[in-house]
Each structure stands twice: as C-alpha cells, then as structure tokens.
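Down below is the structure, laid out as structure tokens.
Here the chain labels run A, B, C, D and E in written order, and each chain numbers its own residues starting at 1.
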Amino acid sequence: QATGPLVLAAASLQEALTAAADAYAATGQPRPVVSFAASSALARQIEADAPADLFVPADEQWMDYVAARGLLRPGTRARLLTNRLVLVAPATQPLRLRISRGFELAAALGTGRLAMADDSVPAGRYGRAALTSLGVWAAVEPKVARADNVRTALAFVRRGEARAGIVYATDAKADPGVRVVGVFPAASHSPITYPVAILGRSTNPGAVRFRAFLLSPRGQAIFAHYGFGSGRVG
Amino acid sequence: MSFEVDVARRLGDRDIAVRFTSPAGLTALFGPSGAGKTSVLNMIAGVLRPDAGRIVVGGQLLFDSEAGVDVPPEARGTGYIFQDGRLFPHRRVRANLLYGARRGDGGSRLDEIVDLLGIGDLLERWPATLSGGEAQRVAIGRALLSGPRFLLMDEPLAGLDRARLERLLPVIERVRDALRLPILYVSHDAAEVARLAGQRIDMGD
Amino acid sequence: MTPAEWTAILLSIKVGFWSVAGGLPVAFGLAWLLARRSFPGKLMLDAVIHLPLVLPPVVTGYLLLLAFGKTGPAGRWLNDWFGVSVMFRWTGVALAAAVMALPLMVRAMRLSIEAVDRRLEVAARTLGSSPLRTFAEVTLPLALPGIIAGAVLGFARSIGEFGATITFVSNIPGETQTLPLAIHNALQLPGGDAVVLRLSLISIVLSLGALVASEMLARRSLRGRVAHVL
Amino acid sequence: MTPAEWTAILLSIKVGFWSVAGGLPVAFGLAWLLARRSFPGKLMLDAVIHLPLVLPPVVTGYLLLLAFGKTGPAGRWLNDWFGVSVMFRWTGVALAAAVMALPLMVRAMRLSIEAVDRRLEVAARTLGSSPLRTFAEVTLPLALPGIIAGAVLGFARSIGEFGATITFVSNIPGETQTLPLAIHNALQLPGGDAVVLRLSLISIVLSLGALVASEMLARRSLRGRVAHVL
Amino acid sequence: MSFEVDVARRLGDRDIAVRFTSPAGLTALFGPSGAGKTSVLNMIAGVLRPDAGRIVVGGQLLFDSEAGVDVPPEARGTGYIFQDGRLFPHRRVRANLLYGARRGDGGSRLDEIVDLLGIGDLLERWPATLSGGEAQRVAIGRALLSGPRFLLMDEPLAGLDRARLERLLPVIERVRDALRLPILYVSHDAAEVARLAGQRIDMGD
C-alpha cells in the first residue's frame, strides 16, 4: 500500500491544510501526512536533509532560505495562498476605531496592551510594517505584548488581558472570543503569501499530485472556506 | 522515688515488658543482649512509645497511657548517652558539646567536663575524625552539659580503656551524689554495676 | 552585545534569583511533607507538583494565564488584596520560572531529607531541642546537599524557561524578555544563528557560575564530614 | 479518543520508557563520576550535562538536528556504522527526550550516591568484594532512592518534552507526534480546548502511574531499613 | 610469623606509627582510646594507606611502600570485625552473613556459626531492628563466614553480656588454634587479653 507524501507546513495552516488533506484522501489517494510546526524549524529540518516531500511555510522568506540551498525541485515553487491582517478586540469589550493613517490606536489602548506576534514570525513583521506605514508604530510600540505566534496573541485578546491585537483574518474568523475591529489596508504591508514547493529529495509520486490538488480550484475552495485568499490571483 | 517504670511494648515478634521502682541514685539495668534494655531507655526518653504503661522519674510523670500523658522528649529533661553515639556530623566537637547547653547552664561547665573527659584537644575536630572511644566521651559530655534532670546511660563505658574508666567512674559517682541526678545505667560489667549501682534490675530473656 | 541583549541578561539573572529565592522555601516545605508525613491526598499533591514537568510548557503558561489573568481567581485576589498584577510584568516571569522549577527543587530536597539519619533528630530532641529547632539545626543542614542541588536545578531551569513564560506574560523587551525569549526570536530568523550562539553561550556561562557557586557551597557544607578511610 | 490520539498516547509511553531505559544507565555512570571522582574538566562535564536545562528546548533541538542530521557528525556516524537514522523517527524523539531528561536523572542519582555511607563499601571490600561487585551490590542498591527519583523525573520530563522534539524531528502523526505535540496542535485550533484538556489529563494520568509505581518501588526498596524509634 | 607490621601514617595532626612482629596465634593490640589501634587495623586491611611501611601477614606481603606493593583490600583475605558494626542495611541478616561467603566455603558453616553466635532467630530480620549486641554478633558471623586468611577484631566483645562472652571466647580460641588463623585483637579488657593473647602489643599515647 502506497503511503502519502510527507508535508511540512506552517502551524497556522493546520485547520485548512488538514481539511485539504482529508478531501484529497477522499479522492482515493493515499492520505498525505502533515507535520505542523514553526516555519523556521521546518526549514532547518529540510536543511538537515530530513526525508520530506512538500514544504508550505508561512512566508516567502523561509522558502527562499531553502531554495538558496538548492533543496527544492526546480519549477515546483508556487504561490498557494494569501491572507489579510486584522485588528481585533475582545468580544466582550469591543473597540470602535477606523484603521487609517495616524489613527488613534495608542489612545484607544489607554493603559492596555496590544497583543501581536513577535517580529521574528511573519505575522509580527507584517503587523509592524502596517503600523509603521500608517504612522502609529512609534506611539504604539511601548504598549506591545509580543507573542511567539498569532494564536498566543489571540489568547491574550480573548482573555481580555490585551485591549487589542493584530492577527491574521483567518485566525480572527475562527475565534468567537474576539471581534474584528478593522482590516489593515493591503497596501500597508507587503503581501501575505504562503508558498508551496516540492523538495529536491522527494521520491513520493503523491507529492506532485497533492501539490496539484492544493493549487486546483477544489483545493483553493477549501482554503477559501477558512478565510484564505487564493494564491492564483492577486 | 528515682524511677517508677511500668511499660510494655511489642517490637516485631518480641514483647518488651518491665516493671520496677527504684529509689537508688544509680539503678543498673542488667540483662543479656536483646533483652530490651535499650528499648526501655528509649521509652523513658520519650523516643519510643510504650503500648501501655506509666513512667515517673524523680517524681515527675512523663508518660501514662491511661491518663493520656505523653511528655515530648525535649521536655523530659533526659541526658541520654546512646549506645550508638549519634554525634551531629555537621557540627564540630565543641558545637556538639554545647548543643543541649541552651537548656542547661549555657555551657559554663564546659571546661570542667572537657577536662574530666580528656577531650580538650578535640574541640575543633569534626566527629568523623574521632576514634571510637573519643566519640563516646564526647557523647557523654554532650549529655552531661545539657542540664538533664536524669541520665540514661546505655553502656557508656564500653570501648573505653581501663585508665579512662578509672577516671570516669568517680565522675559518674559524683553526678549521682552531688548533683543528685537519678541515673539508669545499662552495663554488662557486673563489677562495674556492683560498684556503682544502688539497685540492679534484671531483664530476663 | 547590544543594549537590548544586556537588558535580557540582567532580567534573566533577576528572574533566576527570585524564582529560586521564592521557590526554595515552598519547595522545601513540600519536600518535607512528602518525605516525612503521610496524609490523604499525598499522591495527588505529588502529582500536582510534577505537573509543570509533564505538561507542555505552553499549557502550563496558559493555565497560569487563566489563573493569574485579570479575570482569573489568583489574579483577582492579588489585585483586590495587594493591588498588584503579574500580567506582562517581570514578576510574572519569575512566577512562571518558579512554577516550572518547582518539581525539580522538590525532588532534590525530598531525596536529601529522606537520607537524613533520623536517629540524629531523636538525639537532638532528647537534648531539649523542639521539633522546630531540630528541624532548623539538624534536618535542614543535613539536607543541605539537596537544597543546594535544588537551587542549582531551579536556577538553571529558570534561566532556560521559555514556553510557559511567553504564553503567560508574552515577550516585552525590558520587562519580560529573558534570554531564552531573545534566543527563540533569533532562532526564528534566517541568519539569526550568530545571535543564537552568542546568547546561548551567555546562558551557559550564567549557569556555569551557579554550578561553581553550588559546588563550593556543597564542599563547604560537607567539610569535615568524610574521614580518610579508603 | 480518536485513533490519532491513541497513537500519540502509545508513542508517548514508548518514548518515555525508552528514554528512561536508555538514559538511566548513562545518567548513573555520569552521576557516579561526578559524585566520586575528581578529574580535570569535571566542572565542564557538569555544565554540559546541565545544558538542556539551561538552553531553551528549541536550541537543544536545533543542536540535535545539527549533530544527528544526515550531514551532522553523529548522524553520519550512525548511518555509516549501523545504517540507521533517527531523523523524523520515533527513535529521534526518544533521543531528544533522554537528552532533556538527563540533567534531572543525573542530579537525583548523584545526590543519592553522595549519601551512601562509604564505610559500608569499605566493609564490602574487606569481605572480598571487588570494586565492581561492591558497586553493584552495595552502592547501587543503597542509591536506589535516587535511581527511582531519577527515573520518575526522567519519565515525566520525557512525557512532557515538546520544544526539542518538534525542532529536531518535527511533528509527524504516528511517528514523532507525542502527546505534547498533539496538545500543542490542538492549542492552535479554535475550539481545541476540549482536546487540550483531554490530552493533558491523559499526560497527568500517565505520570501519575509512574509516580505510583515509583512510590511502591521506593517503599519496597526501603523495606526494613527504618526502625520504630520516634 | 603471623604479623610483621611496620607502618606510619599521619592523621590530622596525629602521627600513628607502630612496628611489631608477632608469631602468636592471637596478638592483642592494647592501648588507650585514640592511640591508633583502629587505624593500624585499617592499614592492615588495606582500607587506610600508610604513608610508609611494610605489612606481611601469615607470610604474605600485603603492603610495601618501597617495593610499591599494595594489595587491594578484597584480595587480602581479611576478616575484619569493625568497631562500628557496618552491617549492610539493605540486606537481611542472612544475606549479610553470606555476603563474603562466596570467597569462603559458600556458607556451608552457616548453621554452625549461627548457632554459636545465638542469632538463629534473627536470620530473616533487617539490621535496623537488631539490638546493639545482636548486630555485633552478626558482624562477627559475617567476618568468620567470609573464609578469611586472618582476623582483625576491633573490640568485638564490647557490649556483649558475660554469658555470651563466656560462650564466644572459646570460639575465638578455636578459630585461633584449629583454623590456625592469625588474629589481631583490639581490646581494653586486660583479663580478656591475658586469656586469649599469645603476645600483647602496647600502643602508647
């Protein structure tokens, strides 16, 4: 019995990619095995020549890292998904604010904190870029509580420990404990994209097929259901 | 009455039971190995609980199973010289000697007792470096310096040389007479017992 | 070394110190209970103490957040009675570190307490020493090897704690960003390896210092306790 | 319980068992060296053993990856000599768990070895017992409390290990996804709290089992060693 | 020659030095507490290293600092009865008795020696539950059963009652004569020494 390809994927894709793997398996293919972890850890495992087939990190940077070491199968890198960045507040303490140049985020926070991912993960870098381009970063920075990933930031907001937070639209959508205050303008940060590629050492024929499935309209529809934008357009 | 002891205690499958009253200054507890001598001393010191019985020393009630009296060991005023030494390994000899002196006279008799026991050279030493007989003498000194109301001595002179013994017996006699401390004394040496003891309690096997 | 890194180093030392200083007495009390007393629920207590070891650190951090957050029972209590909050504060970091270190400290001390020759405690009691004084002057110093080992383990664990800290009090430079958090950040960035290496070395030096101090203390405390034989 | 969860549970037990079974002898040897020998570099060895405690787990995981990856020295050696690789295998999980548990096991055992009355070893030698037999029949059984404590700590730590594992051998269901990794996954999912709670409870039950077993072992091993006094 | 001993060793600020040869079956080592008797036994047993000297027992060279000979303790064939007991707390009495028997006759004399020492009832007991004298007798049995080439006895009869002593002295005499084991014997009891010892070595203070 053939085994499915081994996919190394960013933790933030867990829900959607699991659903996609299920749908793919339902077509009669061997089910892909997906290992979810931080993109950085996965990239280093690939660098150590770990036996995997597909890589789906949370941003282009780690894909570049792997590509630079010649570990990708040429011609297989593609843009899979996009995402948006949103400002959220606890569902119980809504915040009324319009995201725009120089908006009063610092004032709205008061003595409270703004939870966001740390600079070291993509979500943190996008958030910082967005606030900077909107001209409020300097005022807000002292009030920032940095989490190791978006989910932890979300927990601070949900529990009311932070007055507001910056997370992906997909995460906000999934958490009933938070309310979206507003969506950051797409132009306020570089595009949020999730690439996919087949690894050079892959021998599993399922890798090609599963990659194709993810990029197909059926695959894209599943991601759309979880709030992701299609990587094929935009 | 110096000692009024009536205790029973089961240890494993052995029944230790003894009953005696002694008005003497020094009472000898005599009997073969395993007769229960150490156990009786432990019960009087309050570190082994009798199953039933009553203990009065120097007129003071220390234990009565029926009346529910059980004075804790630190309040009994025992000067207990253990069969197995038990110096505090983390304290030098001087600190061992003075450990109980807080209750007694604060160690004002330190020099005198150190002299009597011939342990002046050992004061700054650690117990681990003492010879068997040296450790035994320090243990005697520690008990004497703790200002006890009575003494329990479990073969205190075993392992001491004759010369030392000849010097120590008078000390014990003086403690017995001058300080009027009741002493319960375990020994296997009939001659020693005959010399010191006012009364001899025999524990059978 | 950047100023931010210096801040993280100093914070780590402060956290390590306070988590051990605060945690040791609690741990010793628990170790004593477990070594010497039997009571209903003893095994349960033992299990609860081991929890931070068994659960993934982020779960412990999340539980701390639930307990010490604004709306958590402990958090509300702290706020009502003392008007303080550990959320997003370095005190929260020390708390997380102490909780994570607790099982290690308790085990080490429990081992040493169990190794104490109880006949010596008996001797102390007959010399007029109350249970408390006996504890302080006989049990405690004889259990010192375990206390020292517990302190070293606790310090090292505190210096290395990451998951519970970031989940509980996030990563705020100057307030909650200890060395492991800074290291973790660097590790997430391509090309951060040099920083990871430098900060890791500093962590190692810190704990090496604790080790050296502990070995000296241990030697001092055992001075004279061993004879020359074999 | 889903089949995937069952798989994670069984894997955790397997990993816990093998990390302790493999780690204990190594830890005991190291503990003995540290307790009994003095040699140049002893402090260094002590420090290296403590590393997994001091460094953030992900750094330890990264170091393991560097050492045991296909191109790492240890990885190449394993491949050349035995034709095996621990990368992405459950054996790698056990290795990571053992490394993380090592400092805890070593400390516990070292404490107990230091508490062994060396006069008893001397007595054994005069009775014709070689150093090795003395070690096996006197030192080892007398140090049993530390061995048991080390085993429990090691098992609990192995059951809870997350950061080094996911960094070293990833998070592969059925192969490297232990309970903490499954918990971590659930923690990332909206509405995953119920799963987190359930899996955490299972972790706790597992370690409780280890605790009970260890207490029974400890009681058995100390049987008859304490007298009735006070 | 049973014993040819010439050793010196510094312990703290004390210099232990002794030199004697003894052809006797039983040689008594006599001297006040702290004279260094136990230290000499330790050196002969190989558990305390002399700073310099030479030790020959029963014709076999055990130690010679000049020739660089230092036979390890387990190969010296010592039957050492320690001043401080040292039973293995994790083994029952029977297992303690048989610990050294692997080297000896495998414990075939167990029943006989158990009987002589009167410890038949104690075989299944743990050392922690033994009385002082009981533990002492088990320690004697353990040494005798280990098939030693010679015996070192550090006050083996201290703490034993007279009746037991009267039964044990002939045992030692028999060991000395029938088994022809050289014995070095520390005692403070001059009478005991006079009865047993062929030669008496005095260690001064």
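As a working rule, contacts are C-beta pairs under 8 Å (C-beta built on N, C-alpha and C of every residue); 3 or more make two chains touch, one makes a residue touch a chain.
Heads up on the chains, UniProt names are B, E = ATP-binding cassette domain-containing protein; C, D = Molybdenum transport system permease.
Because the structure is predicted, anything quoted here is derived from the model rather than measured.
**Student:** Quick check: which two chains are joined by the most contacting C-beta pairs?
**Tutor:** By number of C-beta pairs in contact, the leading chain pair is C-D.
**Student:** Sort the other chains by how far their Cα centres are from that of subunit E and give me the top one.
**Tutor:** A
**Student:** Which chain's C-alpha centroid is most distant from that of subunit D?
**Tutor:** Of all the other chains, the one whose centre lies farthest from subunit D is B.
**Student:** Measuring centre to centre with CA averages, how many angstrom lie between subunit B and subunit D?
**Tutor:** Distance between chain centres: 49 Å.
**Student:** Report, in whole Å, the distance between the mean C-alpha point of subunit D and the mean C-alpha point of subunit E.
**Tutor:** A distance of 44 Å separates the two centres.
**Student:** Could you please state the distance in Å, as a whole number, between where the Cα atoms of subunit B are centred and where those of subunit E are centred?
**Tutor:** For subunit B versus subunit E, the centre distance works out to 29 Å.
**Student:** Determine the centre-to-centre distance between subunit A and subunit E, using the mean Cα coordinates as centres, and give it in whole Å.
**Tutor:** Taking the average C-alpha coordinate of subunit A and of subunit E, the gap between them is 79 Å.
**Student:** Would you pick out the residues of subunit A that each touch at least 2 other chains?
**Tutor:** 38
**Student:** Could you pull out the residues of subunit E that touch at least 2 other chains?
**Tutor:** 11, 47, 73, 84, 125, 129
**Student:** Give the residues of subunit C touching no fewer than two other chains, as numbers and ranges.
**Tutor:** Answer for subunit C, listing residues that touch two or more other chains: 58, 62, 119, 122, 125, 184, 187, 226, 228-230.
**Student:** Taking the touch rule as given, give the residues of subunit E at its contact with subunit B in the complex, in rising order.
**Tutor:** It is residues 11-12, 31-34, 38, 83-84, 125, 129, 131-134, 136-137, 154-155, 158-165, 188, 190 of subunit E that touch subunit B.
**Student:** Report the residues of subunit C in contact with subunit B in the complex, numbered from low to high.
**Tutor:** Those in contact with subunit B are residues 119-120, 122-131, 134, 137-138, 141-142, 144, 221, 223-228.
**Student:** Sort out for me which residues of subunit C touch subunit D in the complex.
**Tutor:** Going through subunit C, the ones touching subunit D are 43, 46-47, 50-51, 53-59, 62, 103-104, 107-108, 110-112, 114-115, 118-119, 121-122, 125, 145-146, 149, 152-153, 156-157, 159-160, 162-163, 180, 183-184, 187, 196, 200, 203-204, 206-208, 211-212, 215, 226, 229-230.
**Student:** So in the complex, the part of subunit E that touches subunit D is made up of which residues?
**Tutor:** For this pair, the touching residues of subunit E are 45-47, 72-80, 82, 84, 86, 88-90, 92, 99-100, 102-104, 125-126, 128-129, 142-143, 146-147.
**Student:** Please give the residue numbers of subunit C that touch subunit A in the complex, ascending.
**Tutor:** 58, 62, 65-66, 69-71, 87-88, 166-167, 169-172, 184-190, 192
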